[in-house]
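Chain IDs A, B, C, D and E follow the sequence of writing; residue 1 opens each chain.
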Amino acid sequence: GTSEPASETAGETPVKGGELTVGLAANPDVLDPSLAAGLESREVLTHICESLYTLGSDNKPKPQLATDLPEWSKDGLKITIRLRTGVKFNDGTPFDAEAVKTSFERHMSVAGSQTAMHFDRVEKISTPDDQTVVLDLADEIAEPTTLFDYALAERQGGMIMSPAQLEKLGDKFGNEPVCVGPYKFGGYQGQDRIVIEKSDQYYDADKISIKRITYQAITDGAVRSANLRSGELDVALVDAADVDTVDSDGTLQKIDTQEFGYMGLTVNLNNADGVDKPRRTPDTAMASDPRLREAFDLAINRSALVSVGMGGKAVADCWPFSKQSPYYRNAPCPAPDIDRAKALLTEAGARTPVQVDLMTSTDSESLRLGQLIQSMTAQAGFAVKLRSVEQVTATEAARKGDFDVLLRQAALGADPNRIQPLNYSKADTNTSGNTGEEIDALLEEGMTTTDEARRVKVYQEAQDLVRERRNIIYLFHRIHQVRANPAVRGIVLQPDGLLRFAGARLTK
Amino acid sequence: MTGIAGVPAAVPAERSGRRSIVFRFLRRPRALVACVIVLLFLITAVFAPIISPFDPSVNDFNAVRQAPSATHLLGTDELGRDLLSRIIHGSRASLTAGVCAALIALVVAVPLGLVAGYYRGFADTVIGRLVDTVLAFPFLILAIGLAAVLGPSLLNATIAIGVSHVPQLIRIVRGEVLAAREEEYVAGAIASGSRDRRILFRHILPNTTNTLLVQATVVVPTAILGEAALSFLGLGVQPPTPSWGVLLSTAQSHLEQAPWLSIFPGLAVMLAALSFNMVADGLRDVLDPKGTR
Amino acid sequence: MTGPVLEVTNLVKHFPAGGRGTVHAVNDVSFTIGQGEVLGLVGESGSGKSTVGRAIMRLVDPTAGSIKLLGTDITTLSRARMRPLRRQMHMVFQDPYSSLNPRIPIGEIVAEPLRQHRWGDRRQIDRRVAEVFDQCGLRTELRHRFPHELSGGQRQRVGIARALSVNPKLLIADEPTSALDVSVRAAIINLLMDLQRDLGFSCLFITHDLSAVRFIADRIAVMYVGRLVEIGAGRDIFADPKMPYTQALLSAAPLPNPRRQRRRERILLGGELPSATRLPPGCAFHTRCPIAVGECRTEQPELVSYPGGESAHAAACRLIAQDGTAPHVARGSNRPGPRTFPLSTT
Amino acid sequence: MPLFILKRLRDSVIALVLATVLVFLGVRALPGDIATAMAGEEGSPEQLAAIRDRFGLDEPVYVQYFHWISNMARGDMGASIRTGQPVSDLLSTALPATAELAVLSLVLALLIGIPLGAMAAVRRGRAVDHVSNGFSLVGLSIPNFWFGLVLILILSIGLGWLPSSGYRSFAEDPGANLLRMVMPAMVLGIGVAAVLARQMQASMIESLSTDYVRTARAKGLREPSVIVGHALRNSLITAVTIIGLQLGALISGAAVTEKIFVIPGLGKLAVDSVFQRDYPVIQGVVLVSAAGYIIVNFAVDALYSVLNPRIRVAGGAR
Amino acid sequence: MTTILEADRLSVSFAGERGRIQAVEELSFSIAESEVLALVGESGCGKSVTALSILGLLTSSATTSGSVTLGDVDLFSLPPREIADIRGKQVSMIFQEPMTSLNPVLTVTRQISEVLRRHEGLSRAGARTRAVELLELVGIPDAGQRGEEYPHQMSGGMRQRVMIAMAIACSPELILADEPTTALDVTVQASVLDTLRGLRDRLGTSILLITHDLGVVADIADRVIVMYAGRQVEEAPVEQLFDRPQHPYTNGLLGAVPDPDQEVRSGEAERRLREIPGRVPVRLGPATSCVFADRCPRVTGECRSSMPPLTSVGNGHRVACFRPGTDVFEEGR
């Protein structure tokens, strides 16, 4: 969603300059494109580090620092990237093919790199001229990789860092990142505030209006929305629970969008010992019989879940991709049916109540959803035991296979292949431990095909398999709710929950 | 009963001493009221299922976040559960945490304090250093750390709170023992040929019970507050089991739309802590008449 | 007579004074107590009397010297090895309030030594408790009472009953009457004297009450800042005090008789009692002694025995003549003239 | 310097070193590590391994401890694993906020607790006695996070008098800073004020019944001089020791208070970094707060010994 | 001789848990100029309460009745501010425990100066100089230096001298000395008594001396009042009291003290002290009969039913007993 149509509304005068204070839901981690792992750091980084590619309003990759989408050679072993001219890093050094090469090499090699995987198949990087970068790819598919343009557009691999700064700071680049971007890093203020300032080196500098943006992390949703209302913050993401309160003032402008990802239940099917260990089926009811999982699914009333648990700020759905994605399909959820669920339990010969251990994190939203699922499924004969552990512990438990069912928010991207790590039998992030030659084959094909229509079909087939197995039970897509000072125009909210301020400006 | 001649017959005399304490205690209206409130809380906790008007974990999706009304005396929460019933059931977790944490703290601290205070020397040095160290950690950080290591549950939160009170209790017990050790009656016992064990448990320990009793009653309310704080941070009782801390923590998101969700459980915590504190005050007054408050 | 009941030789006890040096509480004290003998130990507050008593009881560990109880050296016995010997001696404490555990009925308090020393079975112990209660003038019904339910005099009787329950050979009484009222004090002194006469135990009677010590003790030892300065038969000490300090002490104790008291001549001591942390060199008394000479300030006088008197009379003063003639210390009138109160301003 | 102060100093250093060991072992006993925290659920084992390798998390704990201690000795507290900011930077921005909060609430507590307690003792059984008792009982019993929420509800949301959050450093804008510190200081201060009031009341009652106060009266001093010059003077000396002990309560209270009022202080830093398993930061924070506690208590002891001539002037007749 | 202070039917009671504790009852006495009046009796018989009540220093749980006149001022009817003007100026007090009675955190000189500044209006420096003089006066060597010390640095005897210096700072007419030597050793006691005696002789100060030590009484008192359980049982000039005690309680007290001299004279004849059986009662409410009846060897029915009045037996000797007389106690426990 966007805050307002770009055209000026009558009677409003745009103001040049100005400052914004933006609320973040978590502390950004290191502001280093290769090392950053969190969403919040990416939100900040997108303003100071432009990428070769970015997502367009249709959520498909489009060039940003490149002039075109990557050109693939016929044999699929060579990618050519053409770069913009006349671009400068924020430290004034020129942006050229050599800089791109340096950045790519750093992405690939720096210790702890979060971006290295995008370059898995890259064997050689050459720079035939200042405006051209050529990547030679390895032939064999050692590891499935996502498509290059999506990956670079959605993740930080496409961000190009100033070689001079890299030279200077090495792996401490994140302490003072310098890239090409409308804003430049202005420093930390305390533990939780990051300032970025308008850059005069930016090629489109005259299109940038806001002078200075302060990001402030406020983890507590209620506090964040209170700050928003009191005017301490100009823009922030608002938790579902707080939306009504914030809107009751009627003064803030609303910016909504459906997320790419989904909220769902991951069932531990074959991950008894941990994702990096051989698959083994845990000794749990839910893993033992698909009918139990179906019964569980049927017991959940998604519309009640959304209206009570999410204050209606979500869309009940049984498909991983939301409407934002080209890969969306209207796949209606089974209507809640307690009788059928009970019948399934009887059919499966399960001893009721069926014991289910549901792991959630400790935030109030997860707790709320967990308790709702608990009471809904209780009617069908499940005895859900909630285990709420803070995020890191939950993640660790998921990796170790120490769970029955996990309530989790999956942040997918525009690239449909983002479901691959969750379902591909060889992926070591496949926490449900889903296996199957059929789905493996589909996912492999989806990855290597560039044909859009074919991909849509492949992923739909793969998804149907997941829906049937119910190793993941999809619940809903949340609607990101951003509230902003009405004087700010042109804020862009992307489906991944990131806000873009490059086109923003203040009005009187 | 120690099986010595004379002791059984001593009971009436002892009881008369106790009775006068009870009598003096009951003559303090504030302490009496507090005692009654504590008792009411305990009764509420024990008979929660009978007393509470609703099942605390059954949702009524048509009555979400309703203000207090005739049906739901204290209103309903964000999942349509009756707040009164949840507070009533929550008293179980909160009081258990409070009382058990106090017990845990006593069980750990008393032997250590006895040993440190009575034998002094090396044991005292080691225990003293540990106490200093642990005391230097802020209580909540310690409790958070422990709760995170042990995993969140009522039991673990209780252990964490209990343990975090240990150093302070050790100090108190040790101080008492040091003082008692210098009492002439201990010299009298040594001169009578008594063994260390008897001296510790028959002579010194009973003379520290007043302080311990008062301290225990002081730990209870802080432990109730501690449980609330840990649950507030998501390290306590697991839902849907309510505890006052859990209620408060979830209520925080609805502070404005549904202030009753914070106000009533908050009042419950405060009232419970208040009455335990008042009982402690009363005990202190009665058990230590020269103590000034 | 088969040797002394208690033999204390060169007893020294130092306490650490919390980083401020050492408290020389007892320095080189030697004495013996014979069978059935009562030795009175007198001295001013802080002179180390209680410390001597406690060291003998091994309630504090002596720094040096030796203590022999009935011929056994108990100076360094471990706590466990010491336990059986505690049957042979017990102690009555100064404060009848703090020396009885407020939470234990007095019957049990008195039975404690009996049980610890396995006096017999329950019935025997019961009988013995009743017996000592009777001896100490306590009604048997009181045994279930708690100490706070008794009067000060009754409590002190309980203390005595506890000490005597196992029939010890030696009783150490550390100012057993100083916390009591005059009328009660008399009763307790009478009781102790009666019991001593009947049971024949030896006794170290610590006190600062000179009138009482003369009354009860066979021999008297005088301490001054940790040292024994004079020891001898009571009659000798009172009749012929040798050490100037003893003389001063005796002359300062007021007589309960106005005529005689006002006619008395007193030795007036100036100066202050030296601190046990910073003992002066030489004779500790020289700072207050009206007749101190040069060497008193540098050299420590030995305890020397002098002939005459009932039993060995020893004193530590360089100024005592070879034949035991006590030095003469000038006395002032008890009715001081204007000189003692120089008034400058009004 | 008196010997006991030196001993106290030695004990403090030992406690501090033990504290570092305890933290080191403690945080590593938490389930999950920074790699898990950073890479999230989709983090592949290689990514995790890369992170662990980068920060030396695979080495044995004692080796890590040794590295840490030897770096510390060189004044290098390490850098946050998450953001890469030097721990010393984080601490130097967090410390002033917490220190300010602690000082403000302490001042508030002193301003409320001492006069209230003293007056309650002087006017026993009168209205102020009851007010003081009521106040201290409520102060001890009120959950401070709840009190914080209620204050926000009333003062910020209801009346709109005070901003609920958004820390401004004092240097940046003193007015805004103080305005935002009012509620946190109240929340944090009330408990300490309650303890102080009780303590003060008890020690004043005791002082007032001492022989030397009776002497002061027998000298004919007027009641105010007796109370202020004799009773209060002695009671304040005991109050000093309480303040040191209350610091621990203040620091842990700060964690919750800072979370509610979004003050970027040590407490918030500690809780956040525990949840993110940011070891260097946790270690730094705990070390600093433990050191703070130890130093303040040491200072309080020293101050106490200066104020109290019985300790200051050693020696004497006996 | 002029009367300095006169107490008439002075009674003090305290509100206790089980009723009103009668601490002092109907006590009447007067003190003349430069007279030492001793108040003797066992612990708890109301000596301290008497002294404290004179200066209005009792706790608020006390109720006082009767009257105390100083010169011609009725102290009990004075407003608190005016009583404060008298305290330390006309009437001052010395307490039993010199350690706890001095403020531990103020220097000695400072504590003495306080009185002078309050009553004499001296400047800080003037008060200090005078305080040092006073310390010299009571026999503290190096007064200038030692005055800067804190109480805990001084010995018990020195502290008691400081108390005395404080008490005489404004040359009071009357000093109430509550067991001034009880905590001291005999040698120190002797010199403190000397100091008090000197005061009386030189300044004509009257002293109300409270003690339970008959030796001290014999040493310094002119007149003695014997108290028992809050009541005055006998009053006499000192020699008369020791020679011819009339009340059985006084007889008992005198008999309970061993007299070393006497013992030396009489030899081993009778190694026993006289005892007074029983204990001092804590009395609730006013007495209606003789308070000593329960412990008295001469008790009769009359003693248990009515109160013996304080009657004169000549020479300023008064006794409250139906069967007065000097005699020997019966033996036995």
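In this text, a contact is a pair of C-beta atoms (placed from the backbone, for glycine too) under 8 Å apart; a residue touches a chain by one contact, two chains touch by 3 or more.
None of these values were measured; they are calculated from a predicted model.
**Q** Could you run down the chains that neighbour chain B and chain E together?
**A** Joint contacts, listed by label: C, D.
**Q** Enumerate, in label order, the chains that touch chain C and chain D alike.
**A** Both chain C and chain D are touched by B, E, going by the contact rule given at the top.
**Q** With contacts counted as defined, which of the two, B-C or A-D, has more C-beta pairs across the interface?
**A** A-D
**Q** Taking the mean of the C-alpha atoms as each chain's centre, how many Å separate chain A from chain E?
**A** 91
**Q** Between chain A and chain B, what's the gap in Å when you average each chain's C-alpha atoms?
**A** 46
**Q** Averaged over CA atoms, how far is the centre of chain B from the centre of chain D? Could you give it in whole Å?
**A** So the centre of chain B lies 23 Å away from the centre of chain D.
**Q** Please work out the Cα centroid separation of chain D and chain E, and write it as a whole number of Å.
**A** From the centre of chain D to the centre of chain E is 52 Å.
**Q** By residue number and range, which residues of chain D touch two or more other chains?
**A** Those would be 30-31, 152, 157, 209, 259, 315-318.
**Q** Which residues belonging to chain A are in contact with no fewer than two other chains?
**A** 220, 389-390, 393
**Q** I need the residues of chain C touching at least two other chains; which ones are they?
**A** Each of 272-273 in chain C touches at least two other chains.
**Q** Within the complex, which stretch of chain A touches chain D?
**A** Those residues of chain A that touch chain D are 27-32, 35, 37-38, 111-114, 116-117, 171-172, 174-175, 188-193, 216, 218-220, 223, 226-227, 230, 232-233, 275-276, 389-393, 395-399, 408, 421-422, 427-429, 431.
**Q** With touch defined as at the start, can you tell me which chain D residues reach chain E in the complex?
**A** It is residues 209-212, 214-223, 225, 229-230, 233-234, 237, 307-310, 313, 315-318 of chain D that touch chain E.
**Q** List the residues on chain B that touch chain D in their complex, please.
**A** Residue positions touching the partner: 128-130, 132-141, 144-145, 148-149, 151, 221, 225, 228-229, 232-233, 248, 251-252, 255-256, 259, 262-263, 266, 269-271, 273-274, 277-278, 281, 291-293.
**Q** Mind listing the chain C positions that touch chain E in their complex?
**A** Spelled out, the residues of chain C in touch with chain E are 44-45, 137, 151, 153, 181-187, 189-190, 193, 208, 210-212, 214-215, 235, 238-239, 248-249, 252-262, 266, 268-269, 272-273, 334, 336, 338, 340-346.
**Q** Per the contact definition, I'd like the list of chain A residues that touch chain B in the complex.
**A** Chain A residues touching chain B: 220-222, 239, 241-242, 244-245, 304, 307-309, 362-364, 367-368, 370-372, 374-375, 385-390, 393.
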